[in-house]
Structures are given as C-alpha cells and as structure tokens.
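For reference, the structure is listed below as structure tokens.
Order of writing sets the labels: A, B and C. Residues in every chain begin at 1.
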C-alpha cells in the first residue's frame, strides 16, 4: 500500500458523507437522518466493492471511517445554513468525491485482482453506488436517470488510472492524474451542460 | 451462544415477515407477493449484516427461517381481513420487530467483532434494512424519509445492549432491557408523535 | 459442471442485459446509460446469489460476462430503433431470461449447498433480482408491485428443475424442462393475462 493513496479513501468517504448530509438538509431531516444518509453515502460504494471482491469490508477493521462520516454529518448539520445554495455545493462536492473515490476503487481493485478491466468497472461501482443509494432512498433522480455525464466521469478516472499504471507510471501519480481527469469531465458537465448524445429511436407503438 | 437469545432472532424475523405480508395486503398483491415481501423483509436486514460481517448467511444453514417467513405470510394472507386497521397493526409489529431484531443484530455483531461501535451500527442496520427494502420495493415512504423517530429507536436498543454488556450484565438480560428501551422510544413516537428537531436551514437560492 | 449448462448462464446474462439496454432506450439515455443498465440487469441477480452463497462472484474470474453485457448494450443501441414496440420485445426477452437464468441459479445453488429448498429460493433470487434492480433504478413498476405472474414463473422453473434432479433425471435435461415450464407460465401471463387471485381484505379504517 502506497502511503499517500490512503488519503484518497478518507477524502472520498468524507466528501460523499457530506453530500449525504446535504441531501438530508435539503429534505429537512433530523440529526439521525443526517447521520444515516452521511454514513450510507460515505461507505456504500466501498462496501459493495469489498463484498464483490471478497475482502474484509473496509470500515469493519478501521473505525476511523465511521468517525469521519459522523463528524462530517455534524459539521454539515451546524453549518449548512451558511451556504447560499446547498444543491450547488452538493453537486461540486459530489464531483470531487466521484473523481477521488472512483480512482481509489480502481486502485484497490487492481491491487487485489490484477485485472485491468475489472478494476475499471469496480472504480465505477465504488464511485457511483454510494450516491445512487442516497438518491434512491431519498427519492431523487439518480445517476442513471439524470441523463447527464456522471458515470462516464468515474469511468474516465478509473480508466486513466489503470492505463497510466499499465504504462509504468507510479501509482500515486497515476491516481492523481486520473482523479483530475474525472473531475474535469464532471466539472465540464456541471458548468457547460455537456451531454453524451441520447438515444433517439423511432418511437415504437407502445415504446 | 446463550440458549434463549436465539428467540430474539426468530421473533424478529417472524414479525418483520408479518409487516412485509401486511404491506402486500395493503397493496392487494397475490399470495406470491405476500411470500416475497414477507421473506425479503424478514431476512433482509440479517442478510446484509452477515454479508458485511463475512459470516455464513444465517438462513442458508438453518432453513427454519424460511418456514417462519412462509408460514407468517400464509397466516397474514388468511387473517388480515379480520384486522380493523392493517396499517396500525403493521406499525406496531414493526416497532417490536425493530426493537428485538436490532438488539439481536448488535448481540451477534458484538460476538463476532468484539467492537462495540461496530456492534451498535450493525444493530441499526439489522433492525432497519429489511423494512427499508420493503418500503423501497413497494414505493412507500421509508425509514429515512418518514421524518419520525425510527432509526434512533434501533440505535437506542443496540447502544443500551452494548452498554449493559460492557458494564458486566449478562447478555440475555442486557438484550431484554435493550429491546424494551428501543420499543419504548418507538412506541412513544407512534402514540405521542415524538420527533427529533428537524433541520431548519436558511432556504438557499435553489436549496 | 455439465458442459452445456454454462450456456444457460451466458444466455440469461445476455438476455437480461438486453432488457436493461431496452429499458435505457425507452428512457432515451445515452450510451453509458445503456452500458450501466445492461450490466446491472445482466449480472445483478447472479451477483447477489454468489454473495449469499459465499462463492466467488462469477464475473470476477471470467470477464466474458462483461463482454457479453457491453456487446449486447451496443447491439441494442444501434438496432432498437428497428423494433416496432420496444416494450413488447423487452417483455418477451425478459420472460426467456427469467426462465433460463432462474433455472441456472437453482442449478448452481443446488451444486453448492445440496439443499433443495435453498436452491429453489436462490433460483427465484437469481431470476428476479436483476430485473428488480433495473426497475427500481429507472423508477418503473417492479416484479413485486406489477401484480402479474412473474416471480411465480421463476419459482416454477426452479422447483421443476430441483424436483426432476431429485427423481434422478440428468441435470441438463432437468434444466431444459424447468426453463420451458417457467417460460410457459410467463408466456401465458403475457398473452392471456393470467393472474393469481389478489388479496381482497375488508378495507380497514386506514387500511
């Protein structure tokens, strides 16, 4: 394990936890709702990743992740009213979290399976599942149905990471570049409204 | 394993199965819908708990749990019309199930991990996930979005159990006291409409 | 492992992937939405099955499944406009997938656990969970709430398979007969509108 890349993990968990707490704030939930959504969003993607890879779930052995989620939820609970647009900040934190945590998921999966294709896919899963769980539980449009570039950003980050490691770059540098690329794709989407071409079929009889 | 605490497990599964079947009755599903929702709600929380703790899923080795779920679904299918308010009874059975199964989840997790914090969290997961799956699948408001004290009740039960074991009380007595506390919190919520203070931020520009 | 039964697996995954991609087409998602929904629907049921049975997740060791999902998504993306009614074809592909993949789930589970009851249940899980995930994520009515015979078809297929193996028939023949039975039940439902009798309770005060 490279020493620095662990921060990708903490940062991803903390930022996703913050988006969960902000989602709770937008729906005026109580403090327990903040804790629950922060924790679910923060550790959801990594939990599914670890279950599928059949490795110990990361937050069982290291309780720091919990503390990070709960502290983030508390912080948001007491400061979110200072934010002018909670949706806007949620969107940007989510963009960084997606980039950082997606790349970390690819890093961890590549270490374990040594299979580039699986590592890229697990990066996408790690980066997107927490947010999808958050949105399904709170009945918001999710990453699949929102019709904007989101999953693609996680894919770009994971693919760049795996590609750079493949050509021999050190892992920390590869991860940093991958995360920047993923964030750039997502940021462009938020700012400029980038989209991929949607499917336009001939509308069928009953579609 | 203390001999009596296993009943917490069966009772929790049976009561959650009953709430799943009652949910099916409220939506006029067929008998298969009763079976499916009873089983999902009955074994859902414990399944996630066991997957995360990396122990064999409890109902694979012991098929009694299935029989409990199916028998409960049948019983509800043939008797639910006798109940004046199916929603009311669902609410109360769910309250007992949450209390009993949340404490059992904390008990099992503490036995396996010996980590108090994790045990409390897994108690919450065990007590709430089955009901959340039931509500998401049937498109009802779930424990997170309902804005009433629910997850907190599971937390109180699990925390009381872990706390009492910590100070040296026997496990069966600790579990009984924990379950009574959790039920009391949930019952007070149902009867008196207790709530935790919701978050009230300054409504942002686009929230 | 009997040599031919592996085709049940590929066929089930490919057909479910096609239904995921068709669902994406009906909602005019972009190509990434096709990939995501095809993969989720294609491998979702089998992933839950393998996690619960505590065996390596099938698509980690064998990347062919991915290629199948991605190729299917691409094929649907470029041909779905040729289909007169995308909903109709989705319905029929889903019927075959349910039959084939449910029986395969029962086959794999019986091999692993040697417990007939569990094998039947896991057949139902394998055959239905992918489609349920697809429908929950895209906010469509799911197998539980659609009030038509669906889960029952998977149950029939898995039970026929397990029953025929029990009486001594070879596994491949048992699987083929099980799949035909499951498909017949589902096809009858689509064509003739078969239903099981829905629950009709006395409407309670607040139900």
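Keep in mind that, in the parts below, contacts are C-beta pairs under 8 Å (C-beta built on N, C-alpha and C of every residue); 3 or more make two chains touch, one makes a residue touch a chain.
Being a predicted model, the structure only gives us computed values, none of them experimental.
Between chain A and chain B the CA-based rotation angle works out to 120°, given as a multiple of 5.
At the interface between chain B and chain C, under half of the residue numbers appear on both sides, which makes the contact a different-residue one.
Between the Cα centres of chain B and chain C there is a gap of 29 Å. In chain A, 51, 136 are the positions where the chain touches two or more neighbouring chains simultaneously.
Remark: chain A residues 51-54, 113, 115, 117-118, 121, 132, 136, 142, 144-145, 147, 149, 151-152, 155, 195-202, 204-207 touch chain C in the complex. Looking at the complex, you find that chain C touches chain A at residues 24-34, 36-37, 39, 47, 51, 56-57, 60, 63, 66, 77, 80-88, 136-139.
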